[in-house]
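Same chain, two partners: chain A is paired with chain B first, then with chain C.
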Partner chain A sequence: MLTLILILLPLLVAIGLFFIKNERWARNLALAAALIESGISIAALYTYFNFCHCQLLFRFEWLANYGISLKFGMDGLSMLMTLLTNFLVPVVIYSSFTQKVERASSFYSLIILMQAGLIGVFTAFDGMMFYIFWELTLIPAYFIAAYWGGENRIRITLKFFAYTFSGSLLMLVAIIYLYFHTPLPHSFDHIWLYASNLNPAEQVWVFLAFFLAFAIKIPIFPFHTWQPDTYVTAPYSGSMLLGGLMSKMGLFGMIRWMIPITYPVLNRTDGFFIIFPLIGIVYASLIAIRQDDLKRFVAYTSIAHLGLVAAGAMALNAQAMQGAMIQMVSHGINIVGLFIIIQYIESRTKTTSIAELQGIALKAPRLAVLFMIILLGSIALPLTNGFVGEFLILLGLFKYYWLYAAVAGLTVIFSVVYMLWMYQRVMLGNTNTVTESFTDLSWKEMIPLIAIVIMIFWIGIAPGMFMHLAENGVRQIIGVVR
Partner chain B sequence: MNSIISLSVLGVLVLFLGILKKKTWLLPLILVGLVASLMMTLLHWNMNRSLFHNMLIIDNTGVAFSSVLIFSTFLIFLFAARYYRKVIRPLDDIYAIMIFALVGAVLMSYYGNLIMLFIGIETLSIALYVLAGSHKEAITSNEATLKYFLLGSFLSGFLLFGIALLYGSSGSFDLYAIHSYVVDHIQQGLPPMFKAGLFLLIIGLAFKIAIAPFHFWAPDVYEGTPTLLTAFMATVVKTASVVAMYRFFSITFFGIHGVWEMTIAILAGITIVIGNVTGLYQPNLKRMLAYSSISHSGYMMLAMVAFSGRTANALLFYSVAYSIATITAFAILILVREARGNDYFGSFNGIAKKNRIEAFTLAVAMLSLTGIPPLAGFMGKYFLFAAAIEQGWLWLVIIAIAGSAVSVGYYFKPIIAMYFREDQGTILQSGKPFKVHILFLTLLTILLGFLPFLLSGLI
Partner chain C sequence: MTILITLIPLLPLLGFIILGLGYRSIPKHIASIIGPGSILISFILSVIVLLNFRFSPFAFRFFDWISFGNLSISFDFLIDPLSILMMLIITGVGFIIHVYSVGYMSHDEGFNRFFAYMNLFIFFMLILVMAANYAVMFIGWEGVGLCSYLLIGFWFKNQQFNNAAKKAFIMNRIGDLGFLLGMFLIYKTFRSFNYVTIFDLAKTMSPGSGAITAITLLLFVGAVGKSAQIPLYTWLPDAMAGPTPVSALIHAATMVTAGVYMVARSGVLYVLAPETMEIMGITAMATMLLAAAIAVFQNDIKKVLAYSTISQLGYMFVALSVGAFTAAMFHLMTHAFFKALLFLGAGSVIHALEGEQDIRKMGGLKNAMPKTFWTFLIGTLAIAGIPPLSGFFSKDEILANVFSSSQPMWIIAVAVTMLTAFYMFRLIFFTFFGSYRGNGHPQFSNIHESPAMMTIPLMILAFLAFAGGFLNIPELMGGSRVLKEFLAPVFADAVKLNQIPHMPVPERREWFNIALVLFLVLLMAFRAFRKFGDLKPDDGNRISGIGARSIFGKLAENKFYVDELYDAVFVKPVLKVSGALHEFIEVKFIDRIVNGTGTLVVRFSNIIRYLQAGHVGAYMFFMIIGILLILFFNIIL
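And now, the complex of A and B:
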């Protein structure tokens, strides 16, 4: 029941928000709803740990003669992703309060609608529900980016939409195809889909359809071309939702649907498909080093980091997968933190060009400290959140094939290079004309960053709870794969 | 039967009101009459009988589809007052002809005899030839009616010739008699005369449904026809023709579908590709909707190809979802044409700023036509795709999927114009009743997406 409330509440709030004329009210209501939603997910977490690991299932036969049911629940993986979503959405909403937003009620309504879609994706245990919510998130994402976005938004966002929609359509075919190969009576229930009976050739096709859909969403090289432009042109809240949460949908889909259903393909191809994210790591890192625009810089670091996560997920062993789950959470938190900081910098200096910025740390020590911490989280310094996940992934990859681990390990080195060099150019040195009148963060602006920093240290120092949840999630998946 | 009689009476009554010059009574009478005849149609639910020696077969498929036809007409009439608000003369003739066209459409969903099919199609078509030219002053309307009439009568000849050949080989017009003929002769192969007849019949129906390569009339005729009547053409006529095709195949080839499936599959593939790709290059919404309707004919053929017990229901759901979204789009098109003079995509710029409801409804309609969940159009597509995949038509589904992906390119044009481009024109004057009507349609689209089981298990 809690799971259902988690989906329905934002859905209803989103509809209600459309009709609110007063923009102040709209944004406050949106924040309140998002906070209540976080409260409910903490209640769900509490139930999960103290009463049962019974997945908080909700089930309703929706289209019985087509085998589709509203089946939602939470295992460890869903719980992790739900917590991440419900932590980030209030942060995203709150951080947008410093900006002037046109037509605020529609804006916040779309963010909350996106939240409903995300929770639906992360908790769906029915293939068709997964698909429906998967597509549902695309509409708000598109409108946020295209209405409130920057230059060239129309062309860029249409590319984004067409790209991801095409990928998803192939996934739809794969899911329906799987449905007709499940044991009788056919069903879209995840247990049925896991048990579907495919011959090796069919498995390859289904795998490719899934892989393409998820690879576009994450994005994995060479399907990433929509991503940097979209992140740059979207408003900050949109980029945060895209980078922090929507990209996780792809990874989540890999772990929940693609791997348990088509793992034999991964086994047979000897890790061929891991090569794509590995190329992406090197390629995106090199581009990030040479990048001048801060938003584009973050977009490329995201390709690199998520490539590592995708590689870990596809390595088919417990450590790497557990690391992947933890790293999904960490990356979501870190990238939102980075975007918030860039947002603050841009709102003060009107530029995101690294070359034009200099010496901000002199003027804004609070910003400098918070920025540094989030940066270290991204670099995966021990005791920060990035370390836990990346360490496990590299360990798992090493077990899989040492060369892959060696290439993937480059990400750690690269990220130190591009992150610290960027920090050095933007924050250190003497101020110039652009940054001369830079004011430090107000307390109000610091709240979302402090929340993020707390999470960074929490996961970095005491990852017990997160590890436990991820382990539960891994057990579900690896159990099928063995 | 009920619906045919009640609708005919309604049509005559409308003409009488015209003679009496009771202009204000027209639309209320029509709307009430349509609802009444919808109810009388539904009384036949689960009746399953045939009338006049199998001339008409009253079964649930027929009842369901004629209800959809009557309901769609009802929805179109909701916008009639608005569309004709500047016309002073009584419009009894146009309305009556629309209702007579509807009678023809209903006949096509009940027929059990090829003669009845022909009568139905001709009743529908002749009424439409008149309607297409009903905007007498406009040269485009004249062009539309001439084009439609010439091609339509030519293709009716095909249809009739096909029927004659089928009669010549099987010795009957009755669908069941033809079915038993097919069963007897399928082993040693059907004679060429029968196959030729079948082929000509398919061409005749394909023309009405607007399936490529018999679709060339559609964009021009749609563009020239008065918009309200274009909506009628794109929804009622298409649904009726699809159900006519379905009835023919489902009865005459009951249990044996290998004969015609490949032909229809190829036509469907061509239609989807041509409809979607050409749709990308249309300069205005009305022509774009014409190509959209062509591509949707292609999708509907998917269900026809993957013939099973669920085909009728898949077609029913799809035609409802498609009709509602298309009527919404045409309603907004009427407004935009009125306020801004034309319907080039540029005329939609910035509508969302001041006409939020209108923009929202058109956006939902476009998204539903694209097939984005959780809207009705997605569920419709899902039923079609599932049926086709179940029967092993994977290559056709892949084409359909590619078509859907391409269709984003044109369905998003009005959305982009309305929401993301700067305003350049006058505000649309829609008025309260109009807003209520379009919101009602949008609600239906959303509701059917969330609660597809309302329609999915009927027949």
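And now, the complex of A and C:
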């Protein structure tokens, strides 16, 4: 039941928000709803650990004739992703309070709607439900970027929409195709889909459809070109939702659906598909070095980091997959942190160009420290969140094929190169005309960043709870693969 | 006991947290108690650990860090003679340098921030040496890299300093990747990260096996980065951008010794990999020779010492490469004493000269700052290897070991010893002898000895640099080998398994070698005296550099253009590739295909038109309503 509440509450709130005229009220209600949602997921976590270790399953036969049921539940993976979602959404909403948002009620309504969609994606145990919620998230993402975005928003968001939408249509075809190959009576239930009976050629087609859909969403090289433009043009809250959470849908889809169903293809192709994210790591890292726009910079670093996660997910061993799960959480937290900081910088200086900024640390030591900590998380320094996942992924990749780990490991070097150089140019040195009147963060502005920093150290120093949650799901999936 | 041991690294961490959070509100006089105080308590605790140590190493668990399935990485500490020795050096020398810093940094507005970073550094360094497995060692390993970045770029207004800081971090990270991959291979081979488990298993393996060779080579890449050996040494001379106590602490006494410590710790693995030992020996020889040659031609007081550090680290690696682990650790210890002393002495000089670092503009300071001079002289005599100072014994130990394994190597080591004596005496004559050449910047009469806060640490270090060698007087001279016996259990297995042949050397020959080396060292000192003993402001030729005359000198003065080479081969191409990838591959190729496909689809479909013409608001609204209705009806009905 908790699972259902987690989905329904934001759906209802999203509708309610549309009708609230007072914008202050709307945003406060949105934040309150998001916080209540967080509270509920903590209750779910508590139940999970202390009472049942069960999956908090909600199941309702909907279109029984077609084997479609409303089946939602929480295993470790869902729990982890739900917690991430319900941690980040309030942070995203709160950090937007310092900005002026027009048509606030629609804006926050869409964010909450996005939250509902995300929870649906992460908790669906029915293929059709997974698809429906998958598409549901695209709608708010599209409108947030298209209405509240910056330059060229119509063209860019259209590309984003068309690109990701065509990917997900392929996925729909694959799911329906799988359905017809499930044991009788056909069903979209995940257990049925896992048990579908495909010959090797069919497996390849289904795999490719899933892979494309997820590769576009994450995105994986070379299907990533919609992403930098979209991150740049979307409003900050939109970029945070896209980079922090929507990208995780693709990775989650890989782990929950693609790998258990079509892992024989990954085995037969002998790691061929891991090469794409590996190229992406090097390629995007190299490009990130010279980017001048901070948001575009973050976009490219994100392609590199997510490439590592995708490679880990596809290495088909427990360590790499475990690392991938942890790294999804860490990346979500860190990228939102980075976007919040860029948002603060832009709201003070009216620019996101690295070349125009300089010496901010002199004026804003608080910002400088928080920025540095998030940056350390991103470069995976031990005792920060980035290290745990990256270490496990690389360890697992090494087990799979040492050369892959060596190539993926280049991120250890590249991340320092691009991150420190960016930090040096933006934060260090002497101030210039743009930054000389830069004011340090207020306490109010620091709250979301402090929350993020706490998570960075929590996962980095004592990842036990997160490891436990991930392990529970990873073991099942690796069990299927074996 | 375990609580006390846990406190040793935690106290500096606590100091960091307190000073970090209160970097604006904590007054200086309190910060100058918290900063050094936390290290002092750690030092006292380390001494207590030493006194209670009963010759059986023990490990204990602090907490579980990363564990799932059959992988378990826990935060374990290992207390054995090797880690105790390192803890004493780090906290002992660290404390002295902290006290000195209180004086040195007293006028700096970033006072609290400085001590916060220094405490954090000590924390990571202690984690590095106290770890009971490679994963926890890696925490310290990366952590000191970070602190080095923070401290080198401490005065972050200056972008030149920031470049140096970034360079240090990046070069360290290149080594770290090697370390990481080495760790992964260790896990694949031994299914564990724990030293004890790994070494027990390794002992049963045959020497020269592929896995162990690869592991040791990869770990050595890490050591090359951290301990500034060829080809990753260029960050260390640049690291002098930080405040001078930082140079003393990080870039001389502790952080750079991490690589030496790691190899010594992994001794069992290294002796089983003769090829790695050979590569290490060659790298180390090349490094110590190159760095010593460059040091001869440098005119920045800190640069001379920096290259000297690189050279001395090479010396330690040479010792390791013949399996002389105790000798390497002995030299590591004495080097920590005299190099910290020399750097702090240099800091005292720079402090007095209001920031001047060019030795050509110094001279005649021995009367103006006698305490600094005498202590600096002791440091110089120690590093040059004059008996009975500490450097004499530790160098002799290395030379004796090298001689019994490889005589060509010994000859190079002796050559480096000679160069060391030469550049160090050159430095001291330039700085303290002759007449003042500062041209009134500052006025000679304004140059004063540093305050007691700085000179007392110098004296303590001078005492250690003088007497540190008595811990390990060779049997040849009828001494007791306290250090060797103390460390013996740690290296017992490694020594037993050592593949490198050791020829017995007759006692007479050993005495002859010692006398020969001493004679050569004194000769070089004398040569330096003849050339630079009494420099006057108008001795243009001799001052402006011995380098100007020969091609070799010119090359060495410019550090053999290695920085320029790296810039041309790595930095610039990467920047070019970065731009080109974006412009040509990303925008003009991949994205063009995507857009082309999109356009094609649009032409043949009406989907897009439908979307654009539709009333999006309504569309969205009905979608939500729809989903809700479906959900509700199905639950209720």
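To be clear about the criterion, the second predicted complex is superposed on the first by the 482 of 482 C-alpha atoms of A that agree within 3 Å, B and C clash if a C-alpha of one lies under 4 Å from a C-alpha of the other, contacts with A are read in each partner's own complex, and residues count from 1 in each chain.
The definition used in the following text is that a residue touches a chain if its C-beta (ideal position, glycine included) is under 8 Å from a C-beta of that chain, and two chains touch if they have at least 3 such contacts.
Quantities reported herein were computed from a predicted structural model and do not represent experimental measurements.
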item: Partner chain(s) touched by A:65 [first = chain B, second = chain C, both, neither]; value: first
item: First, second, both or neither for A:438, with chain B first and chain C second; value: neither
item: Partner chain in contact with A:172 - chain B first, chain C second, else both or neither; value: first
item: Chain B versus chain C as contact partner of A:158, first or second or both or neither; value: both
item: First, second, both or neither for A:362, with chain B first and chain C second; value: second
item: Touched partner set for A:131, first chain B, second chain C, both or neither; value: first
item: Partner chain(s) touched by A:143 [first = chain B, second = chain C, both, neither]; value: both
item: Which partner, chain B or chain C, touches more chain A residues; value: C
item: Partner chain(s) touched by A:376 [first = chain B, second = chain C, both, neither]; value: second
item: Which superposed partner A:318 touches (first chain B, second chain C, both, neither); value: second
item: Residues of chain A contacting chain B in one complex and chain C in the other; value: 62, 132, 136, 139, 143, 158, 162, 166
item: Residues of chain C touching chain A in the complex; value: 20, 23-24, 63-69, 71, 135, 138-139, 142-143, 146, 149, 153, 156-159, 162-163, 166, 169-170, 173-174, 176-177, 180-181, 184-185, 187-188, 574-575, 577-579, 581-582, 585-586, 590-591, 594-595, 598, 601, 608, 616, 620-621, 623-625, 627-628, 630-631, 634-635
item: Contacting residues of chain A [partner chain C, same complex]; value: 4, 8, 11-12, 14-15, 18, 60, 62, 70, 113, 132, 136, 139-140, 143, 158-159, 162-163, 166, 222, 225-226, 283, 286-291, 318-319, 322, 359, 361-362, 365, 369, 376, 381-383, 388, 391-392, 394-395, 398-399, 402, 405-406, 409-410, 412-413, 416-417, 420-421, 424, 427-430, 461-464, 467-468, 470-471, 475
item: Complex contacts: residues of chain B adjacent to chain A; value: 367, 372-374, 378, 382-383, 385-386, 389-390, 394, 397-398, 401-402, 404-405, 408-409, 412, 416, 419-421, 452-453, 456-457
item: Chain B contact footprint on chain A (complex, rising order); value: 62-66, 128, 131-133, 135-136, 138-139, 143, 146-147, 153-154, 158, 161-162, 165-166, 169-170, 172-173, 176-177, 179-180
